[in-house]
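Here it is: the structure, laid out below.
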């Protein structure tokens, strides 16, 4: 834990050092402010807005499915000595989920809305 | 954790990561120079010159940008790569030798979701926005296969500790009997490092996406960070699939280094060979083809694990 | 009472998680609010790590960063206002929500402090992660078995509730249109 | 390592203007110039023959740059005006949304409230899947990598999907414009190269570029090499898969697949070089909005690149910021 914390500090330290160094090496240290890149046109509105992510159904399926990983890792290290029963159970469980995924695919969950 | 390498090793590990990242970037631009009919040598040194160019540039920001989120995101890419490498055993031990090293690597690759989306969001530009959301759409496709791919070596070794996983592979590397997991893992590495062909979030076809508004040191941190993530992901593949530090003559860390360079070099080559995989093409493929294949791979591995135990 | 490094770390995480949690209601941007919540959860994850629950700690960090990354997308999409550039309020009925929040916090806090916690009997096993794996597969198998149908139901309900076009729109009334009629090309099998 | 094309103003060091821009174009160029980070150099290439010398000079000027190379701190072209706030009056949705805002903050300070930094907020509109989300407007072109010269396509986006588009064409005045088979073939190869670059195949882009340069230098005596290249590319299965399903209704009189269009570009270039070309049925630039409606942004970029030779009468890639790579 301590070494992880140390690494976190050290790596962000490097980033900070680069940023400080850049203030020195850059032709000017003061940032300038511009409008966003629109092929040479001025913006008609701010880009930050209610952005329509058209894969939201897929993200719902994802959120449900990824809870499964919670069990997968602890299971992975004990399956070797728990024997065939553990394999059957886990993959029965996964098969059920994959069937749900196949059904979701037919409903167009992985398509753009 | 008692077996972690002393903290002084942080320095060589970070220097190593930087050198390998620069070399891989050099390989990429050397190949491009060759394709353009220019001298390969000028391509090899391009990353260094590009670094100098960006360090000289005046910093730039966009109007009404969320600078806190944008700056945090561009600053976080390199630390993310460093932390992943910290869990990779260089021989017998890693900088952080944690019993759950594998889960940590998974957790860190997920942080890339936040970082890349925030890079696109913070800038207040349509281009960045489209890029960030495209990255997330792609991530929904590659993440589950990546997670199941990570599970395969864990089942085979009966451990989540990377040093133990790599030690279990004496004689037979996991890549030999878990090839599907290895490929799915590499696919995920390209995904979270936003490198081609998994780089629609930064593609030319969306005017540069999350990279479009980055200049000066911000751009340097992200471009270098993408290579560092690629190298870090490749380094993690070594204990997981490629026998860790096993190999004749050289010390363990030497083999880890060589294998890391080979894997990241191969991923760069694959990136040049394949066109950008757009999320609208890939999302469904990830779920209905790759995911079942990787689950089947895990099934094979666990049957073997049970049979040999 | 000796204050060890772990204690200091734990209290630091506790403060960070509460402050970041409060920031969710203070900041004026959906992205900042969501990621403030993510920071709060990461602090909780680290606190769990410090309590020796390594697996729970890492998995909380893993899951919550991922969920928050997706939740940010929802927050931006579905809150009916500009998600970043306008002052906003994350609460409905301001006064009663503050009262409810403070009340719940005090109740739970008082419970945690005042309840006579039992003293530990025995010691935890060396490897809590594999103990968890064994528990899931053996003594708590019923949980595992119940989870399957629950998750399938979640996927089905989520898809039904969120999708605008379903199989009949895509595949025709007899479900035999190939390739499916989608507004966007791509996908498997075409 | 030679010069390469910058994807955005942030990445550019050099702004090279080819030919004589008219007033509309000049303001666009100024805007791009303002967005570039120092050290930056702007050159005006009047005649093709002087380009090489100018670019060498640019390289020197970039090297020499020191701290004096700074410009103003805030470089904004947008000035808030009274009518900037008002939505189009003939637009029902816009008018409804406008009324809505009045209800919220009911009063005079709302223009400052709704315009952080002098730029209006995005406004909502009903979408094809029944959700109301904000619309964003993204002008594509004229200064854009791998984009046909002089074309400006203003798309309205819901997420990354185009719900509406308008097109205009800036007067393009190419320099040294010839019209012979080699030039026509080069333009077709340019378009093919752009598609490949946008599809994420920089190596193939570079190879097509070299082929095109040799074509302009008169080194290709027939279409053999071009046809060979097109054939090899046509057999790349992943490329075929990635481009499959990208269909433009009515691009060349009927629906067309992008992969077929890419192969056709090579075939047409070959025909030009072999002297058996038939003039293609050119889709007018006015057909573009109908074509791109409903497409995803990336698809629009790919299609416009592929249709480039038919859309822009001048030379493709006429003007764009170029990035110096110091070599």
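Each chain gets a letter, A, B, C and D, in the order it is written, and its residues are counted from 1.
By our rule, a contact is a pair of C-beta atoms (placed from the backbone, for glycine too) under 8 Å apart; a residue touches a chain by one contact, two chains touch by 3 or more.
Here the structure is a predicted model, which means the values were calculated and not measured.
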| item | value |
| --- | --- |
| Contact-richer chain pair [A-C vs A-D] | A-C |
| Centrality ranking, top chain (CA atoms only) | A |
| Approximate Å spacing (C-alpha centroids) for the pair chain A, chain C | 14 |
| Averaged-CA centre spacing for the pair chain D and chain A, given as whole angstrom | 30 |
| Cα-centroid distance, chain A relative to chain B, in whole angstrom | 13 |
| Distance between chain centroids, defined by C-alpha means - chain C, chain D (Å) | 42 |
| Multi-chain contact residues (two or more partners), chain D | 8, 10, 35, 37-39, 65, 69-70, 76, 116, 119, 121-122, 129, 131, 133-134, 136, 138, 140, 144, 159-161, 245, 296 |
| Chain C: positions in contact with at least two other chains | 55, 59, 62, 66, 70, 73, 77, 82, 84-85, 129, 164-165, 183-188 |
| In chain A, residues with contacts to at least two other chains | 1, 27-28, 30-35, 37-39, 46-54, 59, 61-62, 65-66, 69, 73, 76-79, 82, 86, 101, 105, 110-113 |
| Category of the chain touch graph - line, ring, star, complete, other | complete |
| Footprint of chain C on chain A - complex, ascending | 1-2, 46, 48-54, 56-57, 59-71, 73-79, 82, 85-86, 89, 92-93, 96-97, 99-101, 103-113 |
| Chain A residues within the chain B interface of the complex | 1, 3-4, 6-8, 10-12, 14-16, 18-19, 21-22, 25-39, 46-48, 51, 53, 55, 58-59, 61-62, 65-66, 69, 72-73, 76-84, 86-87, 90-91, 94, 98, 101-102, 105, 110-112 |
| Chain C residues touching chain D - in the complex, by the definition given at the top | 77, 82, 85-86, 164-165, 183-186, 190 |
| Sites on chain D touched by chain C in the complex | 113-114, 116, 121-122, 128-131, 133-134, 161, 244-247, 294, 296 |
| Complex contacts: residues of chain C adjacent to chain A | 5, 9, 49-50, 55, 59, 62-63, 66-67, 70, 73-74, 76-80, 82-85, 129-130, 132-134, 136-138, 141, 144-145, 147-149, 151-152, 154-156, 158-160, 162-167, 169-171, 180, 182-184, 186-188 |
